[in-house]
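Paired with chain B in one complex and with chain C in the other, chain A is shared by the two complexes that follow.
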Partner chain A sequence: MTSIPILKERESQIWQKGETPFSITCDKHSLAGAISQRACVFCGSRVVLYPIADAVHLVHGPIGCAAYTWDIRGALSSGPELHRLSFSTDLQERDVIFGGEKKLAAVLGELIDRHRPKAAFVYSTCIVGIIGDDVAAVCRKVEREKGIPVLPVHSEGFKGTKKDGYKAACDALFRIIGTGPINDISPQSINILGEFNIGGEAWIIRKYYERMGVQVVSVMTGDGRVDEIRRAHGAALNVVQCSGSMTQLAQMMEEKYGIPHIRVSYFGIEDMSKALYDVAERFPDNPEIMARTREMVREEIAAIRPELAEFRKDLEGKKAAIYVGGAFKAFSLIKALRHLGMRVILAGSQTGNDEDYEMLRDLCDDGTVIVDDANPLELSKYIIEKDADLVIGGVKERPIAYKMGVGFCDHNHERKIPLAGYVGMRNFAEEVHRSVSSPVWRFAPRRGAKLEKTEVTPC
Partner chain B sequence: MLLRHTTKDIADRKALTVNPAKTCQPIGAMYASLGVHGCLPHSHGSQGCYAYHRSTLTRHYKEPVMAATSAFTEGASVFGGQANLVQAIDNIFTVYNPEVIAVHTTCLSETIGDDIPQIIAKARSDGKIPEGKYVFHANTPSYVGSHVTGFSNMTKAMVDYFAETNGKKAKTLNLIPGYVEPADMEEVRRLAETMGIQTVMFPDTSRVLNGPMTGKFKMYPDGGVTIDTLKTAGSSMGTVAMGRIASLAAARALDSKCKVPCQIIDLPIGLHGTDAFVDALRRMAGVNVPDRITYERGQMVDLIADMHQYFHGKRVAIAGDPDQVLAMAKFLVSLDMKPVYMVSGTPAGKKYVKSLEEAVKDLGDEVKIQVPGDMYLLHQWIKNDPVDLLIGNTYMKYIAKDEDIPLVRYGFPILDRVGHSYLPSMGYKGGIRMLEKILDALLDRKDRDSSDIDMELVM
Partner chain C sequence: MLTTSETPTEERYAATRNACKLCTPLGACLAFKGIRGAIPLLHGSQGCSTYIRRYLISHFKEPVDIACSNFAEQTAIFGGGLNMKVALENINTQYAPEFIGVATTCLSETIGDDVPMFLKDFRTTHADEDLPPLAHVSTPSYSGTHIDGFHGAVRAAVAAVVREKGTGDHVNLLPGMVSPADLRHLKRIVSDFGLFFVMLPDYSETLDGAPWWEYHRIPEGGTPVDAIARMGSAAASIEFGRILAETDAGDSAGMLLRKDFDVPLYRLGLPMGVGETDRFFAALEAVSGRPTPEKYVKERGRLIDAYVDGHKYVSGVTAAIYGEEDLVVGLAAFLGEIGITPVLCASGGKSGHLKQKITEVVGDIDKKNIQILSGADFIDIADIAEDLKPDLIIGHSKGYSVARKIDTPLVRVGFPIHDRVGGGRLHHLGYRGAQELFDRIVNALLEKRQADSGLGYSYM
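Here is the complex of A and B:
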């Protein structure tokens, strides 16, 4: 497998720690013809806004874009389920020739009359950018008629990368923020940004903050509600997870409303605790918050520590390859894996920037390969060369890992259990353990014989 | 209730599509391309398209799905995608080294008006296509038809580009299996071989998307029809094309290009469907039906006889692709069941709707058919007058759960169960598998709903 060639233009996007001085190229549009694992602008907007459950999400374009994003992300709602339906203008050839504005207006009207949503998001797809529909104008008109926010999301697929999609989503959210009453909001209050309630994670995080005595004004966008987002400008602090998607919104809110923001991660013990302490520190006038935080963190860690120690016994010395969307998540995963005694032999992301990769370099051990926007051949090359026991990635990486006889943990849309928070760390450890120590790998042609020799049979 | 937003009242919808029973052309083209040996499908459009197609196919088959993209940027969208595609072809052959690249278009490149044959010719004259390698293409605008249309177009492209004739007829029969599972393609070939017939089947995704675990990641699995074999399709003595909507175009093209006579039949699903298939093979190849096949048929009839009282009068709702829905409806009618509601998102034409109506004409005015139609409408019908069984893809599970009706998963995509890629639903063996699935669903429900007194041990 060592003979797998690397595209010349991609050589600068791969770096191995310990060999040469650090340099990696990123933030680069994928090469034509490269098998990237990346997606498009629309995808970025769609995943960010999708969890808002009392809004309708209308995809303006041919059917595909709506079909592929129909309930693909387990973003849970405690109330309405509008977000899990798939609405499309299903553009046809005649619409492409004569324009889709009339159809869009008709569909929006129908949709709003039937479902009485709190807001409507209208996603522009590639074709809309080419035929030149004035989506914003249609939205304005319908907004006036129906009396709810109707927000154009400028997410034409070809107009950049997934990151530009995040930006378009932030722009749409920014238009709703500042339109709700804020008189009853506590001075010790936050917005949770970049948390999408996959497997109920936002509920866990929200509860932590509430136990600390901090009011959560809105979550963007997990289990999201339009009326909460309208009030988001009343919060004292923005706490931003998943740096890629929501930092821009936090910056916009800082500029307009003077709300400061901090970046956090909720994965792993260190990062989870740091997030809570960082928030508590922002409210020095109320020392009880910090006191409660300390106590809570102690309790939560004590509750999971014995189990983690058990998992660690089996996982000590195992090797992991991490390939995720945002680099920020990779940091947390490296730390979390260390807790389990595991080493990271490859770390990569689809969307990391210079700063991210420098941090990644500092975190990694010697010999770790760092990649930006990797393709499956590169991933498989290093997974075999470095003899990984586990791959952490998304939907497209899973079967590649399995084909090679390597365990897998989905840390993306398809995770079914919460991996955030302390309970999430415990779940993560369990899931990693379950996959790495599965007896199935003993039947794998490449690894089986070796595993049989070196390992004690699990009880 | 997940679909609580579905209303019982059926208001007339003019433009809006909710919960589609279809997706867009390119994914069907990608699936067909994977049925060519050593082929890398290439999506000429934005990065998101192919990311979604790969993800969806991966979720359905639980296998790595390789494809490349032109990764359109704003520049490409203004000035045309020629530079991107030529560069992509160069990169792909340099790094990923496939035997053949199958280019399909997207709504974006179609609307811009890229001339793919001209671009391929340019790549060839620039020396970007190595000796002995191939690039072919299909136009698959997302705003026309559905994924089935894309599959059909790509299958026809295989004929247009490769089939050739030297005036002599070989003793082979062409099989065009339609948009079906790899296991089904395997099964129709097995039936033909059992009859002593040599076949040329295209596309053929068996051993591509249902392969074994090997401990290695193989970009080009062993299966798929080779280009050399495809070329011989023009010399075959006849073509059996299964499923009018998916396979007619390729069969017709072969007839007019190489004068290979064709017979179009329904998908060989159920007794009549498979009988027609076997009969077509028998007549075209001039062979007798061997005992082995008569025996398999007899087993299927035996099973139906054993359990016929449980099928009687059961009302069924089907959603899926046109060829599947039609063949399944006929199958169910032959079982004394009542396929009363049927939708397909694919616009399949008046002739198709007529044949579907004809298939269920004896069921009277209970029947409701909508083609193109969506699952929202199907759900509304069910709310007004329920059915005993649902047959369709994974998205039907919402209706199944909300209305508490058993579901047999069938069609594309199936995102939450396995088996469909390994075990056929076509042929007599496949028929027995479908009967087992239908009976399991009905009888499990009967057991569940029985009172303690009525619970039966023997059924």
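Here is the complex of A and C:
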């Protein structure tokens, strides 16, 4: 086969364990002309704020940015579902020439009157700054008129990466926090940050903490409600998942309200258990919390262990490639896959930083390829060379895997199944098993079955 | 955004809620994917291309590589010329493409990048290299929708490649934005007339192919560049789309070929249903000088037989339909001939011609109480559908929320099909497409009736 060339400028963003001393460049703007799997600043903001279900999310700009993010995430709500609607100012040529402020104000007013939200988020997309709209001013004006928080989110797509979008979202949230009553909040209380309730995951996690005897003041932003977020400053501890998106908010809250934070992950047995124990440890005055946690963890693990063992029988020795948005998730996945007897042959992320990649290096076996901001050609190159049996990624990685006759597990925001918590681990194992053990791969050209000539003879 | 009149007035500012359209460069990328060895390049910021890829992948379930010139903050200030150059160089090294189709985004349009000049410079500075054709289409989303990007890209490809007139006996087929299955079916039909043809675009394989033995930088299939070059010497062009036919002279690929290369042009509606398909076959008979092959005469016969067998289940039925304007016109034509009234015809597009074209295919729309909605979004559609209570909804996946709200079956057609498999394998065109649609529609009605019935008969 023709070997796939790696662009020179990209070489420093790929490293193979065991070859040369560790070095990887990251936090780099994507190369022009390379087909990055990354999104944009706006996408980052949207991911973080989207699950707030009683707010209007208005995308200010031309239609595409809003149309492509309409109801594409599996973030569930137990009540209102405003977040599942897609609102856009749908700027037209005339607005681009004369400015979109008037339209923005009118549209905001209309939406707030019609949907009676608790807050409105206004996302600026690429051209908004360029046509000179003062979005913050319009927001202030409408906020005064309507009496609800109207928050500008500065998420012009090209002004940075997805991480800057997280930051913009955190800034908006920070403005709401601290505006609600906190007198009834228990001293054993937490906020759950960076958990978006994909397939109901926030509900699972929240239940665990509540069973331990810890009050959950707010989840940001899974099944999110504005009034809960207003009270978030009353919690004793911030528990932050998915380092990339909301650590910043935790830091801001630490500075202003003195709330400490810990980083956790809810994927896989080890990390899930650690997330619970770490919280329990924070409340040493209530030893029952730790006792209940131990009990619960034991129960939960016992409940899934037999099934995991069954899945493992078929998965032992299979090879996986992981390509996800944030590197933190990759750590958990590597550990979770080990539980299933699987090896990781490629680990990469869209937006990892130095620290992340060093940690990945330590976690991985020899021969594992580590890659930052990969493109489809690179991904397929290593999937083939390393002969992967499974790819874990998002919608854009799926067809690469399938074309090459390799199984796939969706670990992105679009999925509808919870993969967090103990039941999530069980679901994950089932998902992986379902794909890897399917009989269809034997028909895929790369799986050896270059369908030899079928012969039939008459009797 | 609700504009009930045909000339959309923007005096009243309104939000677009759950858009019934996509942005212009999406259509351009899709069209470019139908050229052999092509890489679409979006000139603008990364997010647009990633979102567009994601959206296309979710429908076609195939790799969709779209490059991007990746604007950074500086780029927006100093212009995207350098990014464009680097992007083109990198694409050439990594993909060795046979064609590069450049589409702009809102950002590069707003800052006023002069893309034709960038491309000219690039050609000059790389004069000693064997460059692939570079086509450019201007696709700001603040004017137009994805369908405009699609047609614009087809036209741009023709403009970039076709140079010579001639007297060939082949025919150009400009099918518009239809499914890969439709494209395959069209190719079959034209071949069965004994005609040589160039179909542009042709993503029937690039976006609906077999699994691979090795990774392809660019999927196999698509219209070869040298075939596009021959379009100037064709005996005729056939271009689908009654709405497209209204675009100003020269604004479609077919018109361009007629104007600059004297290629006679048949402008037909999308061949949906018997009437519109008959017109397509008549055009093929005229171009080939041959009668319709027996096979299609029989296919047509079976279709009419099926119309008769199923007529009672559809007669008097009402439907709400939506999608690209030309698809809506095609659907209306088909529904009209089987006795279904399309009581709501909606589109996110606003060419200004929808009402007139629907009238052309179904007759007096006022007498039939047909509402036409241009520049519509799905909240408008839901509001009206709730009122009209149609028996059926016909359109792509994004209308599911409406169908669910009013508890009405949704028959999925067009793009995108994000909540079912096989979107690319649906037939809409020709007698065969009508047959498939007819069966699906009748069965959807029967299924609803059966499910709602307290008796649950297992015969009709």
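Everything below uses one rule, namely that the second predicted complex is superposed on the first by the 446 of 459 C-alpha atoms of A that agree within 3 Å, B and C clash if a C-alpha of one lies under 4 Å from a C-alpha of the other, contacts with A are read in each partner's own complex, and residues count from 1 in each chain.
Just so we're on the same page, a residue touches a chain if its C-beta (ideal position, glycine included) is under 8 Å from a C-beta of that chain, and two chains touch if they have at least 3 such contacts.
Since this is a predicted model, take the numbers as computed values, not measurements.
> Give one word, clash or fit, describing how chain B and chain C relate on chain A after superposing.
They clash.
> Kindly classify A:L31 by the partners it touches after superposition: chain B alone (first), chain C alone (second), both, or neither?
Both chain B and chain C are touched by A:L31.
> Of the two partner chains, chain B (first) and chain C (second), which one does A:A67 touch, if any: first, second, both, or neither?
both
> Identify the partner contact of A:L82: answer first if only chain B is touched, second if only chain C is, both if each is, neither if none is.
After superposition on chain A, A:L82 lies in contact with chain B alone.
> First (chain B), second (chain C), both or neither: which does A:D389 touch?
In the superposition, A:D389 contacts neither chain B nor chain C.
> Contacts for A:D410 in the overlay, against chain B (first) and chain C (second): which applies, first, second, both or neither?
Touch status of A:D410: no partner.
> For chain A, which residues belong to both interfaces, chain B and chain C?
1, 5, 7, 29-43, 61-70, 85-93, 95-96, 103, 106-107, 110-111, 126-127, 130-131, 157-160, 376-377, 380, 384, 395-396, 398-400, 402-405, 443-446
> Within their complex, state which residues of chain A touch chain B.
1, 5-7, 29-43, 61-70, 72, 80-82, 84-93, 95-96, 103, 106-107, 110-111, 114-115, 125-127, 129-131, 157-161, 376-377, 380, 384, 395-396, 398-400, 402-405, 443-448
> Residues of chain B touching chain A in their complex?
For chain B paired with chain A, touching residues are 1-5, 7, 11, 13-20, 22-27, 42, 45-49, 51-56, 58-59, 61-74, 76-77, 84-85, 87-92, 94-96, 106-108, 111-112, 141-144, 146, 213-219, 345, 376, 395, 398.
> Touching chain A in the complex: which residues of chain C?
My answer: residues 1, 10, 13-19, 21-26, 41, 44-55, 57-58, 61-73, 75-76, 83-84, 86-91, 93-94, 105-107, 110-111, 140-143, 145, 211-215, 217, 379, 398, 401.
> Touching residues of chain A toward chain C in the complex: what are they?
1-2, 4-5, 7, 9, 29-43, 58, 61-71, 85-96, 102-103, 106-107, 110-111, 126-127, 130-131, 157-160, 376-377, 380-381, 384, 395-396, 398-400, 402-405, 443-446, 450
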